[in-house]
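Shared between the two complexes below is subunit A, which pairs with subunit B and subunit C, respectively.
And then the complex of A and B:
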């Protein structure tokens, strides 16, 4: 009897990978914007499944929480409120610039694919990143937290400042046209 | 990982059994709750509630009434509104049921059963980031509501769904914030570890972090779109909100989704604030050894959790028939102006006190 517990992770991984590819194509190919958004949710959900099958439960949960649960809901809101209609089919004609951009993207994709396939995964710091080592260091959440709040504290804080600035900027831009009511 | 083939088989079969039991309980919820939701207000308002439908000559306090209701509901004609987005219209009820069932899998329903050298956990899936998993999946519940409202091609539905989803997104924040102090106190994201840490009544979350409990309780009502926050289906303004255009079994699916998510949040509240499967003043992990029969402790733990969850379900009904509905701006103001700041203060306060104690 073959050892299912060794085969199963591979089966799960490749099933997820295949589904993600199909759904990703659907996201781009769907003609109705709401359909695209819903496919995007499914895509992000499956991606979280992929992370979970690689034993990164923390990243998987955060992936669903932030992207599928919050950001795409806002996409959906905007699409519904603007009442966008179905795209009409257009004949595919590329200008030279568009074709060039597409070509560069494809080449970049292939380069990234081959480098990731040939190289070993490396962490952004010292220490091994295999499942047993992470389990010994206190689990996913703790390892991520320790890395974020010690080695990467400055990038982490700067990123949060950047997001805050973007948020304030968005509010200022949205309020630009309103008359400022002087305080009584 | 690292399971032997034998252990794998045992866990696989155990999971199937747990699935069957859980599905049975969850699917039986709406009928029982519909009955409770008519009998309890009857009791509170000194009237009878449904008490006629019975089996043969026995009326049984009208408990067969939900069966009649269900049959009526399923026999209704299915109407798909004109101009509806067909695919999404049919998918929306599934979108609203799916997350609720998924969360129900991560809740620890009892202590592990140690039998024949195997260790069977009493939650269907054990996630080491249980908290985050529950939040992540419950944030997906918005889609069912949003898509249902949009796909029915009805202005009331769309308005109802916009209200409901804005409300659900807003109250997810205080709900999440209310649980961060709990994570800080017990030092784990694993629900099972949190329950194990509450092995004494004074170590229950409700005593260690009372503000969290209040915030959680309020957000619980808003998350499930229940009264007094059921603005999404304010019948005077919006007909019936996002499910205006749904009939028959699809309407029943929304019903199921609502009751299952109520039950799941009740279970979560009992798990986090009331010791989950722990029984006050009894060490449940030692019962098996004391009696000499495996599984008794797990059964008692399961009953204990169900009892606590049942209490919260009763609170849901109680509040629904006692407190009048809020206005929408009041609801938003309560969420953003009072509960979010209070949640932040609570987190900082807990962190400071914990740091002071551990220093």
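And then the complex of A and C:
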């Protein structure tokens, strides 16, 4: 009788990882933008499951609240507002260059995969990551909040600037007070 | 409950004042954009130029009072040191010159608007953040601030199909590169357990040869190589440079390059120097292919901006060559030679782009090499100045381009990178052909309506002063004063190269 408590995390991880890969392919392969966005929601939920299986419950909750809950809903709004239709794929040919690019991507993916698998965790870093240690430090939420507002306060503040800027940039691009003139 | 309060003290605020000031002015500009009273080109111009000037003076002062050792604030989020202030000074100087040139160009009314100035200042604030940080997260946030604003500025300021194509291409490829860079950072963090560049270099000593560090280093060099526009990650450069309004092209070619080179110096010479056996070959390959392919592709270009875009890829190749020049164990030449090259490249490019912007003003569109035919007859001073810039870009004495290439080759040769230096010399020789083509067009051919109509732009005081100033700097640094500029580069480099 094998010890299930040792095997179970691996089973959970690999199930989630496999599902995430499949759903991610569906996101890019789906012809209809709404289907694509719905697959993205599923993808983000599964990713949250992966975080939860790593004992990062706070990140998992945030993932669902912010990404699956808010961002993808905005995606759907944009798709509806722009009234995007199913993509018409007429006369798309698979060229040699594209096949080469796909091959290179595949090789790169395999290299990354095998290099990742060949390494073992080095044990360097900030303390233990098991449940008891997180519990002792005050729980996930507190640890994340502490890090965010002490060690990472500078990038945290700058990120607010970044988001403001992305907003201004989107408005500037979307404003329609100009005519698009074709290039000479 | 014991809270470790971050040390947000006066000395931090005074060291990071340039970034904070630009963030503030961006908000002010944004508010001005929506107000009815102060929403004018003139007020946007005033706030832009004044705040950039104030920031530049502040950075010069901060550079002057900072000692040889750098000081870290907020757990490495911000470094107050000479290398950071050197990069910040170059970036803000470029931004000021570009704004002055924009104020005299046909695109003026489109550029000096509240929201655009706000974006411009946030881009600069992001760049200033990126060159002065020890933290990979901050580095990434700074990079994204710089990139996202630039995507929008390229697409907005000139609403042609060309510029929108450039912006979209840059946006998509840039996002993929950012993802790869972040993936690399994640591997570095997984292996070393830290996001601080200085701590990564210590941790690498303990776990030498770990496959995650090596993979992280390679992914990081790919992400950085994309932003440096090294071949084979250069595809976006000609389109983005051609599509952007020329002032922004100048800004991208110089300020972006300064930002990414200083950040690369920190990440690779400082953090990942322990695994240089992994990334130096990759960087060497990218440098060699940039030097060859960019110069060969530039031969066929008609548009002056595309020509300068390919030339900027080649110049990235030279700087990448110097970045790789630490593999043989001789480290003290590498960083100073990059910084000196940056000074020279920034001055030369700004001068060249200033002339092109001035020539464009008449017809409000991009000019091609044929348009320069016979320029020497009508505008002898402009033609002579443009020749000086072309000579300097090609690396001919007595300009600064020659001296800066000499330093780079010296740094590479002292690390036994003979093959790369030979490739660089070949690339340099090829590049002379297309630089000379511009000069031949201007001086040795008569202007005729067949080759393109003659350009007669109005006189412009700003352009005259900027072009004159850069010619003077190029000739002075190329003849009498290279020592003092090199001394400054060495001072700034002491932080990472330790000498």
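In this text, the second predicted complex is superposed on the first by the 120 of 184 C-alpha atoms of A that agree within 3 Å, B and C clash if a C-alpha of one lies under 4 Å from a C-alpha of the other, contacts with A are read in each partner's own complex, and residues count from 1 in each chain.
Basically, a residue touches a chain if its C-beta (ideal position, glycine included) is under 8 Å from a C-beta of that chain, and two chains touch if they have at least 3 such contacts.
Being a predicted model, the structure only gives us computed values, none of them experimental.
> So, A:45: does it touch subunit B (first), subunit C (second), both, or neither?
first
> Figure out whether A:171 sits in contact with subunit B (first) or subunit C (second), or with both, or with neither.
It touches subunit C, and subunit B stays clear.
> Would you check which partner chain A:69 touches, where first means subunit B only, second means subunit C only, and both and neither mean what they say?
Only subunit B is touched by A:69; subunit C is not.
> When the two structures are laid over each other on chain A, which of subunit B and subunit C touches more residues of subunit A?
Partner touching more subunit A residues in the overlay: C.
> Residue numbers of subunit A touching subunit B in their complex, please.
By the definition above, subunit A touches subunit B via 1, 3-5, 9, 34, 38, 41, 45, 48, 55, 57-58, 60-65, 68-70, 73, 76-77, 80-81, 131, 139-141.
> Over in the complex, which subunit B residues touch subunit A? Could you list them?
Subunit B reaches subunit A through residues 1-5, 8, 85, 88, 127-129, 132-133, 135-137, 139-140, 142-143, 146-147, 150, 158, 162, 165, 169, 172, 189.
> Spell out the part of subunit A that touches subunit C in their complex, as residue ranges.
These residues of subunit A touch subunit C: 112, 115-116, 118-119, 121-126, 146, 149-155, 158-159, 161-162, 164-166, 168-173, 178-184.
> Over in the complex, which subunit C residues touch subunit A? Could you list them?
Those in contact with subunit A are residues 3-6, 8, 23, 30, 73-75, 77-78, 115-116, 118-119, 122-123, 125-126, 129, 133, 135, 137-138, 140-142, 144-145, 148-149, 151-152, 155-156, 159-162, 164, 187, 190-194, 203, 206-207, 210-212, 214-215, 219, 365.
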